[in-house]
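Two complexes come next, and they have one chain in common, chain A, joined by chain B in the first and chain C in the second.
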Partner chain A sequence: MTNHILTSIIFLPLLIAMVLGVARASIKVIKVAAILSSLTILLLVIAVILAFDPNQGMQFTQNLAWIKNAGITYNIGLDALSLIILILIAILMPLIYIYMLKDNRKGYWYNMLLLQTGVTGALLSLDLILFYLFWETMLLPIFVMIGKYGNGLRQYNSMKILLMTVLGSMSMLFSILYMGYIYFEATGTWSFALSDLSSIDLSAKASIWLMAGFLLAFAIKIPLVGFHTWMAPAYGSAPTPAVIIMSAIMAKLGVYGIWRFGYGLFGANLHYYAPTIIILALIGLLYYAIRAITENNLRKMFAYSSGSHLSLIALGIFLTNIYAWGGSLYFIATHAIASAGMFMMIGLTYYRFKTVNISELGGIAQKAPLFTFFFAFFALSIAGLPGTGGFVAELLIIIGAFKENFIIGVFTATTMLSAMIYIFWMLQRVLFGEVTNENSEYSDLSLREIGMLLPLVLLLLITGIMPSLFIPYFEPQLLGALQ
Partner chain B sequence: MLALLNVSLGLFGMTLAYKLYGHRAKEVKADTFVKRVIINKFYVDELYEFIIVKPLLVASRFIANSIDNKIFDGFINYSILFYRVLAGQFIRLQNGKVRFYALYILLGVSMMSLFLIYKLGVTI
Partner chain C sequence: MMQFLFTLPFLSVLLGAFVLMLFSHKKSISLKSFNYISIFFLTIALIFEYLTLGAGSSYLFESIFSKLFILDDFATLFDMMFTLGAILTLLINSDYFKSRTYFTGEYFSLLLFSVFGMMMLSHAHELLTAFISLEIASLSVYALVGYHKNKKVSSEAMMKYMVLGSLTGAFFILGTAMIYGAVGSTTLENIALYVDNSKIEDMTLLVVGASFLMITILFKIGAVPFHSWVVDVYHGAPYPITMFMASTFKIAIFAIALRLYIVDFATINSFWRELLQAVTILTLIGGSLLAISQSLVKRMLAGSSIVHSGYLLIGLSSIGLGSDIAAPAVMFYLIAYFLSAVGSFGILSFIASQSKRQMSYDDFKGFASRRPYMALMMTIFMLSLAGFPSTIGFLGKFYIFTSAIESGQILLAGLGILTAFISVYYYFKLIAMMYFFESETGGKKTFPINASTIVIAMMALIVVWGGIGSSLFGYLPGADGFIDLAKQAITSLK
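Moving on, here comes the complex of A and B:
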């Protein structure tokens, strides 16, 4: 059972999508099956959490030969870092399905099922070719969801995200293949397993180029400043479920990739790029935050906000001390929850007002108090309100930054401040002030909507008030990796 | 001692406020410098507006209109332009006339033959 549990978690959605597709199931059956699959996965993940031992490294590993001639294996496993993101996927998917409940387009649901397989597979693979396969698998549904179900310049924007991301993943594929070849030259056998490739000795020059290949893929996915042209258009055009996955899961997989494959393959050599990434991240923090101030489209504003916070996470990963690393991991989780909630609220705003432009909204607080509460709560937790998880995480990263260097610390601390500026100004214009949309009839949150938002609120509060519940899960691994 | 000072200052403020606004309520004219400063809340709002808000808005618009649009997006768009220009040159080769294609084949075969003979030393 424990051997196959991760495989079940990865492939259950894909299997269900295939069975439903072959059987030409009706939309009602698809909805029920998708929700049941996500709940089953949630239960399986809970079983994984209960059996997880924080003091051991890789667990639940499964290693099967796949393409023997080329040494490609089906190798999956889980450690503390992937467990955090796995929990996030497991929690968010059922909530996203509840959000989508009224949507009757079949393709929408199929794409979400495929997407879940893609992100989970990329998260758990320990073989680089397998990782690459899933890395591309998760891009496809996003491409279709933006191009077919999006809004605005959807086809242009979906082509843009496809081209940018493929540029990154091609460079990564090149690095993967070259490393496999070096391993073949050294040992005479082919292998693409992470544990094998991390053991090869690379010349300094080769490893600089190979690292660049990986980092380009991850920098585009995060995105670091300069690699972000796809971000705002894609977030602006994508339907809400796709935006939630992009911001809450896929961007985090970029950071996860730096950790798993950057540090996993190159170890301390990765620090050749540390100054570059730290500077890009510091610029990104402020650049995105300042850009967000005058953005009129809520989705794009929180795209920039997401970019700003992911720069902070990437920064934390490159500051090698326990505070920064712990903070980054914690922020991966809390920002995912907060941004999922925020993008859900933006989606609900669109349902009610048929617009997400700040200039066309206003005075919501007078008519819909519950809506206002949730909207403000998620927005403020993104800004790092004390008492929510984001505050703890940002604080840890800022402490870590000050430990590293005073100037980096000062710059990092400004991120909380700059987020406050655009968030409060946005809240003032959207929720308060004059009612600008008198004509549109709108209601406060329904029970279904409260049901999908409340778990996120509770999680943010628990992570904010009791971080000591969660930190022991990943601290041993971080301390071990630091030594 | 400090508490006493605080309380007496507070009382003084209250008395002053009562004198100004409560007792014979009439509008205070901003005739002296001090009154003008106080009426305008020590110009704190204007100071913030000038030091923080304006520069941030200017910077934000500059990023949105210039850096994001022209440099980052521009880089992508110009790289597309490069391929478009290159493709425009290649279009000339594919003009649909068979005699041109025959010429290209002849040129290619001759160049390959020359390469084989002089560079690789192939003899017939």
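Moving on, here comes the complex of A and C:
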């Protein structure tokens, strides 16, 4: 049974979506089934956590022949890094469904089910073609959700995110095919399994080109500065559940990809690109922060904020010491939780005021204290409020950066500062000041809304106050990888 | 006796064509009956083709025809695609005739003659036979393209296609004559012997002749310097004919092209390598540009079919450069393209049979809310044509690109991936139109369950299953089964 547990986690939502689609289920049934599936997956993931052994590498692996003629296998497995993101997916999906509870558009729910299969599959695949399959298919629900259920220039923006991401995937596909061929030339059999491809010796020149193919895909997904033009429009147009997935999961998968496939396939050769990525990340830190300060649309502001923090994570991945790596991994988790909470709050803001423009908001604190508390809490935890998980993570990355190089350290430290600037200024304008929405009737958070936000708050506090609970889970793997 | 069994598919189609021709003027027989009669004959052919698969390779009636016709799995597999393509064309468009008064019984007869020509072409093992078969198929298609004779676009398309097609057909004859001059024979077997036994300097005449053959082939598949007819002809022809041309007729040309190339000319490819690569690059880029700039979906698909020819050409030039997987890759791509093209054009002509629209991108606005199932299937076919993973189209491109990399044509593989990226734009534009815009006309229509829609739905399922289905699930062959079939067909050539 343990063999199939990951397969069940990946395909349960897809299966449910298919059954519901064939049965032409009513919206009520779809809602119940989706929530049940997400809860079942949460239970399965808890079972995985309990059986997980931090001192072993890949676990729960399953390796089946798939397309034999091309050596493509169905090869999945999980280690500490993927476990972190898997837990995130498992926790966030039920909460997102609670958020969506009042939405009666069937397509919305179907897309979320498909999306969960897509991101989980991409996370757990250890065969490059399988990974590519999930990597591409997780884009489709996002494409549809932005284009069909989004706002603003939704059609244009969905096409934009699609084309830019596909450009990255195509370059990755080229690298994958080429590596498969090199393996074929060396051994006489085709294989695209990560473990096989990582064993081949690449010439320095070839690996530079091949790495570029992979890194382009991941850089667009993260996005690093220069590859980011899709980000703000897409975040601005996308409906809240899609934004949460994009910011909390899909962007993290970009970083995850660098780790799993960048380091996994090229090892230390990847450091050829370290200066480039570090510089891009440092520019990104500041550039995104400045854009966030000047942005008037809350969704876009936190899109930039998300970009800034993901640049920090990418930076941490390329600084090879235990602090930076540990910090990056920790930040992947805590930022996902914080940004999920934040985008939920922005969604609730839109639900109440029909706008997310800072200039049209104000004085919420006077009328809705609970709303204000949660809003401020998530915003501050994104800024790295001590006591929340983000603080620990950022601190670790900054220590790692100083360890590597003083100048990089100084620049990295500015993220915390700049985040403080835009967060506090935004809070001041949105929550306090004059009440601008005199006419709009709005209520404080309902019980359902508190129910979906509270777990996130608790998680942020636990990760902030007791990091020692979590770090032993991934520390052995990092130490192993560093050697 | 076995030989007779092997020729049954031919005879069935030919008999059907003559029967239909003889009765075509009878007004008392409805078009619907004609439709069923042709499907009946084609189905018999298909069944016997299936039985023939795996029969090994032999010459057909060697005592009568000498070595003109060969029977091998390669030819049989192509035959199956031709008959299947024709059956699907007829099934999906069974409503198309209702609203069109210009259709008469001859239509079915011509279609069957065309299938007969293609079947001969895939079996032809001699150049003149190949030419005659090609002309039988082409002449029927010329007539079919201009079938709506009172419509200017249609007549223009037919003239354009016929004049240019006949002109390039002449090159085939010229090339055959030159090869005869060099070899002293026109059977592929003797040409292969000659090529193997002569020095490369002595073969100038043969190479020039073969180049002329290539011109005809490149014209027929719409490769770029010879592509000017494609979009107009596809546009001018009635929808069923466009579907038939794009999915079936195009594949027939590859039957002879592959056979010629693999059996005879692959070993001396160095003469054409640069030429072929240049044509491939032009085809990929030119086709993409054409497809991007269209506003009618039919014309976009026509342009994109040029790009697909480009991918096939990548595979073709990889064969010459000694890639082992290239030939099965081309074969697989043909199957994948056949399935996706039949599906996408099928849906187009199915819609056309219900309404009389031009079907621009704008007409597809809100299609998903009017016809959710049709839109879903169209999406699947678009994904497959774009080479999106989890469809058979992705595996087709996967094999083509790996074969290009294997043969050292990194640049072509890169360009192929780039044009695949461009194609994402024009295919997804249609998806976006269907799903992201509100419908301007009409409410939701029910999903009509009849032969046409069932066939289209089956195609959609096969397209997905061919992309992800695997030996994981025991008895259904899926993606592996198709490539095994392709390999089997290619092995039978050698």
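A few notes on this one:
Simple rule for what comes next: the second predicted complex is superposed on the first by the 483 of 483 C-alpha atoms of A that agree within 3 Å, B and C clash if a C-alpha of one lies under 4 Å from a C-alpha of the other, contacts with A are read in each partner's own complex, and residues count from 1 in each chain.
Simple rule for what comes next: contacts are C-beta pairs under 8 Å (C-beta built on N, C-alpha and C of every residue); 3 or more make two chains touch, one makes a residue touch a chain.
On a predicted model such as this, the values are computed, not experimentally measured, just so you know.
Of the two partner chains placed by superposition, only chain C is touched by A:65; chain B is not. After overlaying the two complexes on the shared chain, residue contacts for A:294 are found with chain B alone; chain C is out of touch.
In the superposed model, A:15 makes contact with neither chain B nor chain C. Looking at the shared chain after the overlay, A:44 reaches neither chain B nor chain C.
Judged by the touch definition given at the top, the superposed model places A:471 against neither chain B nor chain C.
Using the contact criterion defined above for the overlaid structures, shared-chain residue A:229 touches chain B, although it does not reach chain C. Residue contacts after overlaying the shared chain place A:98 against neither chain B nor chain C. Of the two partners chain B and chain C, it is C that touches the larger number of chain A residues.
Interface of chain B with chain A (complex): residues 56-57, 59-61, 63-64, 68, 72-73, 75-76. For chain A in complex with chain C, the residues that touch the partner chain are 64-70, 74, 129, 132-133, 136-137, 140, 143-144, 147-148, 154-155, 158-159, 162-163, 166-167, 170-171, 173-174, 177-178, 180-181, 184. Put simply, chain C touches chain A in their complex at residues 388-390, 394-395, 398-399, 401-402, 405-406, 410, 413-414, 417-418, 420-421, 424-425, 428-429, 432, 435-437, 468, 470-472, 479-480, 483-484, 487.
Per the touch definition, chain A reaches chain B in the complex via residues 160, 164, 226, 228-229, 232, 287, 290-295, 421.
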